[in-house]
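Both complexes shown next keep chain A, but they swap its partner, so chain B is in the first and chain C is in the second.
Let's look at the complex of A and B:
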């Protein structure tokens, strides 16, 4: 994750405002953006999917639902 | 008029009390009044935009006035006072103290809100809730603009007094047997958000004074014709109001920390990570204000710094989300109305956060700047996360406030309609922004995609509006005629005496 995000920033950042360099800052930053969006969408899908599954699986009306160990021990 | 069944008192006794639950009730009623007034303006805005051309608003200034007061009302008079209401009710109980540290100061902080409310609504200013210079200095018509400035000044003082009271109550009046590390996460949310408020708010208080003296012609801080710098106002404004976003969202997350373990029938997964995430958010909230200003001609280096600063809020937010999911995992979840609001709030918090990652990336920010994307993103946060957390907690605290239960079926209908409406309105606004529609306009060219999306959004807004009407009927009816609640276990989750102690509402002074 760090390598993904930090390295293009370093490239772009090192250039600062000096003219005549080879790297295209615009391309670098768009590249960063697409990498970030790839990471965001993958994590987003996993988290949203987990939330939906949690709601379905652990609702008290699910036939597999059972008392939590905290309920049994009276510790919650 | 009485609002409590165990110790009925006339309303004027509650109004002039300094007891924390009485002041909490005043905050609660004020915030709900603001919710419905600001919400009515939102529906009017959406009706105007249902079709291109003028529907019932004849000029842009009237439209500007409507969304200025809509935004100001819902942020400063609904969300913040609602958080103060809950804090007043529960912070003293959570730190095991008899009241707030300074009860009279507490009442004074509340009583600054009604005059501010009146100033904002009677003035009906037109310069958006940002009051950006130079328009606010040179062109915004008075006395509306000046009334707004005075109103915000009062609200700022009220917020600072409230923040001082919460901080002192928590740090100095906390029971000696209760270490900070064991303090409930809801109380932690009030500690961190109050600290943010205390650091951030004086900057805007200064900016408002400078704005006022500029308008009076006594100074030219933000007036270009007098050598001033309008961008300086934006820096001062966002130095306060980006952290303010966290002041709004942190209590809402705190509400979820009370609701989710209760209805999952498990303790919170990680108390320590919740505290760490609150503290982290309160620090990084100050590292991102200029991401609102990428388009003002900042250097590439500055933009990069603020982009990284903004992204550093992601880990802390993710810690909260994972904490909620891990708490629900392995639980036996009872989907009561408060739990549905909390889970819906988490889902939308995540979606709003994903949009925020896009905004923080400066290349895309230029494409979405001042478009409906921004409106969608901002509202997904304030409605989808903060208001959802607040509504959930309002249902959760309802038996404590009134001694009665609300109607569960109507509460769930309110949630379903609000969730569907929120997705319809604010997700679509993101797409509308990508299609190029600018924000803050009262008329638009008849582009078929724009018309279709605006109509879809307006229908979504109406669904939210109907849900809110059901909510209003539910709370009014249930306050007086609802079923009496079992104050030890109002929702039958099977645990004895987990709920807030009703007897703490008896005033002792």
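Let's look at the complex of A and C:
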């Protein structure tokens, strides 16, 4: 586990010793933005999809709904 | 006693946490790569003051309100301010860094297209902030 954590950190800090390479800032930054947006929409879809499914599945009027222990006993 | 299986919850939490770790790591890594300056970058001193930009090349050449650079060369800007906070921005090359009094902020880029580009202050700095502009001329070495 430590290897997986320490290796990339070492690799990244080692960058400081080498001269930087020419790159296209615009491409790098916009690519990062698109990747971040993809992840954001995936998380957003998973979280909101789960909530929508929960509300739909566990509503009282769902024909699969079961009474809770408290509802069966009529007291809570 | 709750006896139902809760592995779907753990998978759900794991996926979300993994994605968030990926977001943090990727952003951190790209930022490091972008900030890594090539050794042959020419240093340009950029001074912001109400309400114009001054540029000084390594050979001592000074320019006011315009900046002449060569295509496919790396340039490191050392950005300072003489009065209030400004922000040095070359929109077309996604260069943006604050000019703060008493501080030297750096940013580097390499123009890959020749032509004229706008330089603009991006931090409200007073009455004529809207017109605190300069022109970047990128010249092709070959021509």
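Quick notes on this one:
Operating definition for what follows: the second predicted complex is superposed on the first by the 45 of 76 C-alpha atoms of A that agree within 3 Å, B and C clash if a C-alpha of one lies under 4 Å from a C-alpha of the other, contacts with A are read in each partner's own complex, and residues count from 1 in each chain.
Methods note: contacts are C-beta pairs under 8 Å (C-beta built on N, C-alpha and C of every residue); 3 or more make two chains touch, one makes a residue touch a chain.
Please read all numbers here as calculations on a predicted model, not as lab measurements.
In the superposed model, A:24 lies in contact with chain C only, and not with chain B. Comparing chain C and chain B on the residues of chain A they touch gives the larger count to B.
Of the two partner chains placed by the overlay, neither chain B nor chain C lies in contact with A:45. Once the two complexes are overlaid on the shared chain, A:58 sits against chain B while remaining clear of chain C.
Of the two partner chains placed by superposition, chain B and chain C are both touched by A:36. By the touch criterion stated above, A:67 is placed in contact with chain B alone, chain C being left untouched. Shared interface residues of chain A, touching chain B in one complex and chain C in the other, are 12, 16, 25-26, 29-30, 32, 36, 40, 47, 50.
Note for the complex: chain B touches chain A at residues 261, 264-267, 299-301, 304, 308, 311, 321, 325, 328-335, 343, 346-347, 350-351, 354, 357-358, 361-364, 494-495.
Residues 8, 12, 15-16, 18-26, 28-30, 32, 35-36, 39-40, 42-43, 46-47, 50 of chain A touch chain C in their complex.
Every residue of chain C that touches chain A in the complex is listed here, in rising order: 12, 15-16, 19-20, 22-23, 25-30, 32-34, 36-40, 72, 74, 92-95, 108-110, 112.
Residues of chain A that touch chain B in their complex: 5, 9, 12-13, 16-17, 25-26, 29-30, 32-33, 36-37, 40-41, 44, 47-48, 50-51, 54-55, 58-60, 65-68, 70-71, 74-76.
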